[in-house]
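Structures for review follow.
Note that subunit A is present in both complexes that follow, paired respectively with subunit B and with subunit C.
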Partner chain A sequence: MEAVLFYLFGALLLGGAIAAMTSRSAVAAVVWLIFAFVNAAGIYALLAAPVLAILQILIYAGAIMVLFLFVVMMLQGPTLKSELKSIGDRKWWLPVGAVLVALLNWMHGVSLEGFTNDAPAGFGEIKGVAELLLNKYMITFEMISLVLLVAIIGAVALASNKKGMPW
Partner chain B sequence: MTANLMAILPYLVLAGGALLVMLVDSFVKSMRKDHLSNLSLLVLLGSLVAQQFTQQYSSDLFAGLLATSKFTFYMNTLFVAIALLTVNYASSLYSRSSSFSSEFYPLILLATLGMCLMAAATDMLVLFIAIEMMSMAVYLMVAGNRKSIKSVEAGFKYLILGAFASAILLMGMALLYGQTGSTLYSSFAAVSSSGGLMTSLAVGLLLIGFGFKIAMVPFHMWTPDVYDGAPSHITGFMATGVKAAAMAAMIRIVWVLIPQVSVVWAPLIGVLAVLTMTIGNLVALAQSNIKRMLAWSSIAHAGYLLLGLMTLLKPTSDSAVLSVVADNAGGALLFYLLAYAVMNLGAFGIISYLAKNRGEEADNIERYAGLSRTRPLVAASLAIFMFSLAGIPPTIGFAGKFYIFEGVVKAGMIPLAIWGVVNSLLSAYYYLRIIIVMYMKDPEESSYKGSSWETAFATSVLAIISVLLGVIPAPIRDVAVAAFKSLGQSG
Partner chain C sequence: MEIITKLLTETFGLQLDNTGQLVAGGLTMALIMALVMATCAIVWTWAERKVAGFIQSRYGPMRVGKYHGALQPVADMVKILGKEDIIPDDADKPLFVLAPIIIFIASLLPWAAVPFAPGFIASDMDLGLFYIFAVSSGAIVGILMAGWASNNKWALYGAARGAAQMVSYEIPLALATIPVVMRTGSLNMNDIVIGQQGGIFHWNAFHDPFLFVAFMIYFISSIAEVNRGPFDMPETESELVAGYHTEYTGMRFALFFLSEYANLFLVSCIATAVFLGGWNLPVGNAVVLPGLVFLAKAVLLVLIQIWIRWTLPRLRVDQLMHVCWKVLIPLSLLCLLGSGILLMVSGEIAA
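Moving on, here comes the complex of A and B:
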């Protein structure tokens, strides 16, 4: 059952990625990428990482790709379709891809010495993540909120139309 | 938990202060925004005071994520002092140009917080977030002068290359995490010290990531453009604060990971230190723009710092000798960070002071002609900073270099020390050229005049400190050695 699902998600993920690369419309490419990300989330779920799967859908497929979509559509949606050259027109990437696949195949055989193999029990569950985030890593959690605050201040400062602000 | 919070009170003051400044900015309406700069100065002073009250050092805060010690005390004081001066320069610039950007204040407070946390981090996760907190704020401050194409270009360049460096750093951290299953520095001691492929790769990537931040050759290419494009007082903040923070984090990592790191770093850092100071000094010779000249000189100074780091990595069979040599070398490094901050902040303060019109930068060396007659005090201060940067006694720059080279010699790397001294001699040419222009040439119509007594006062104080600590550096140096010792024994 797991193997069937893995190959299903894997095939859809690959198909989505190829469609994203070869599609001539930037908007369609982004939509295909979202499709690929959702399937990647399926593979995460199969790997017993439900939180990662949920975050993948919420953040990558949801927030980030929607942002991409808006940027693409706002910037040059109408003109892009005719001008964009599809990567499918270029044949040189085929040998490059073949080399990458060969490399991947080789890496599959290499044993990663020194790396710890087994995930601890309960790894990747929401409960575990929440406990880490709000207990052990509370301080980093708060620090990240300050990093985001810096980003917000910067976005507002750079985008605001106030006249001249040399600092 | 309460004990943890008490111990990080100085950091909380900075974070809370940044929020307070933002709130005050939106609720208190005033045409002159002096109250924001005064409030920021109060917050910075407050964090220094809070630090005095939280002197029960602990190496195990928040389950080992942070550690406070004499080391963090020393570094925090340095960072906060740098921020204090930068705020002073900024506010005097604002009152001259009668144009204010209230966003500057929370950004500089948060950048300072990021630096302090970098020095206190004993966990890769905390370190990375702290680096990002500092870097993001600095990217923004560099691009702050939006009217100037150069400033925006500098901000963008720094952002792209900085993000790239962060990614490389993160990859190194991920590889270390992959081998230990923990992000704590202390757990890395268990990593194989024979220099397995993964360990070598990981610490190599860490070196590249930090190399970007301290402007180490060959990851220095952004430095001249960014230092030149950013407003002068921000350049001063970057050159001193960011470099010191990255160096503090490197010292901590080196000190935990000496056996693992030295396999890769020791030979590399020796070569890179020589390259960094030589290239920095050679290119600085040809600059006619003082900010670019100081940018290349800051690359050269990164080379001297790397020499100091090299002495920490030097493997010795006699552990008693090693620890004495290492304590002195570590103390020399920390002292050098302070010395570099004093003289560089002074120089950039004067560059910021001489800019008269909004958005203008006093960066053309030729236009410093006759400054000794129009502004004798400022010219004298700048001359002291240049002597100090060149490492001429009796200035703090000489004392700093002396301690670094002394450490290098004691560690038995005499050729490196000689090369460092040769470089110092080389650098004297371009530092002294500024003094010649100021003192030997007549003032011209286009010469910079400058105004604003706050900056002139602050730089004069820095000049006095430069000479004072150049004459009697020992007390501060003892503090620096004690600060380094508080990191504890390695491995």
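Moving on, here comes the complex of A and C:
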């Protein structure tokens, strides 16, 4: 059952990603990317990480992709004439892909000492995640939120005063 | 789900293993939830017109069906199914077809975690509340797709407004429920309802002032989240024709309509479960007719939402954003802080 679901989600994820890269319309590409993200969430759920699965849907498929859609729509305007050329014109992605595959192959060979197949009980549950986030990695977590705060302040400063910065 | 599988195995004598139980129970539950959604649309369109009529001193539908136009929604449904299915020539056809389906799915999925009665919940998952917010955010993508694919300026404006509004109001909506999660110590919808046993002052909304304010914030944001008046900017008839579903007809339009009324009922059900004690009675610990008690509370909330829609005039877009970012979000953060301090002082923190 799990294996069937894993291959199903995996195949759909890859299919969605490929369709996102090759689709000619930017909006369609974003929609395919959302589809790929939802399938990635399915794989997280299979890996006993329900929090990660739901965060994936909430943040990536929900919030960030909505932002992408917004930007694409606003920049392209309400016209459906695609300005994107076929991806077949660009040959440079072939070596990049080859490097990525080689990297994956190398990682496959690296010894997996210290990693176990089975996560400790409750690892991916909300309590496990919260304990790691608010104890062990608290400083990192707070620093990331500080970075986000700086970004918010910057955005507000840019948008609020057309004459220049408030300072 | 337990009730359903029990019914299937014992009453109908089905022989099922674990996977079979999961699949059969899940399918039955999904069917029930789809029926709940359809019933929502039928009952609420009628109720909405009758309440609107009452508020505006007129009768509302009176002719179809014997009693007060009771069959009006059925007549409407027949009419809408008989309409021509139009896809504009310049529309982005795959996205145009996909958009209502995505919105419908996003409004069907959250029902899986709504606890109607003890044991009557499609999926008793630990992250229930979190799950509901996550899957219902998919509707925003559907709205943007509908607006874009229609290739119509009203639809695009409506979609942009709708997405901005829903993304913004999701924040106070979720923040308002966090004090409840802190008090209960769980995101499981069943646990949240069980934690409110013992009379009206144990319900989260009336437990302490901070939670009451949180309930109010949730209620206001939920009206905005389902795009209803006075927050129905995405579909303002007077400026945008119909907003993001301007170009839709027939069954595709019906899917938008169905999702809207299902969402209306959904946010009321969540408010009932999270803030108003779910199936618990206002007095005592006894569980009497839990499903009916739950539905009665949810129906009351829906009627209040209809009342608000037909009483208040529509806000402007900037006023809408002002309310969200400058009033509701700071207020919900204060609630979070206040109820956290209260929990610490009273020593009520769930271990």
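The rule is short, and it goes like this: the second predicted complex is superposed on the first by the 109 of 167 C-alpha atoms of A that agree within 3 Å, B and C clash if a C-alpha of one lies under 4 Å from a C-alpha of the other, contacts with A are read in each partner's own complex, and residues count from 1 in each chain.
Note that a residue touches a chain if its C-beta (ideal position, glycine included) is under 8 Å from a C-beta of that chain, and two chains touch if they have at least 3 such contacts.
These figures come from a predicted structure and were not determined experimentally.
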{"item": "First (subunit B), second (subunit C), both or neither touched by A:Y137", "value": "first"}
{"item": "Contacts of A:S25 with subunit B and subunit C, given as first, second, both or neither", "value": "second"}
{"item": "Partner chain in contact with A:I34 - subunit B first, subunit C second, else both or neither", "value": "second"}
{"item": "Touching partner for A:G97 - first (subunit B), second (subunit C), both, neither", "value": "neither"}
{"item": "Subunit A partner contacts - residues on subunit B that touch it in the complex", "value": "8, 15, 18, 22, 62-63, 65-66, 90, 93-94, 97, 99-101, 103-104, 106-107, 110, 113, 117, 123, 125-126, 129-130, 132-133, 136-137, 139-141, 143-148, 178-181, 192, 196, 198-199, 231, 234, 358-359"}
{"item": "For the subunit A and subunit B complex, residues of the former touching the latter", "value": "112-116, 136-140, 143-144, 146-147, 149-151, 153-154, 156-158, 162, 164-167"}
{"item": "Sites on subunit C touched by subunit A in the complex", "value": "19, 90-92, 94-95, 98, 125-127, 130-131, 133-135, 137-138, 140-141, 144-145, 148-149, 151-153, 156, 160, 163, 167, 187"}
{"item": "Contact footprint of subunit C on subunit A as seen in their complex", "value": "1, 25, 27-28, 31, 34, 50-51, 54-55, 57-58, 61-63, 65-66, 69-70, 73, 78-80, 125-126"}
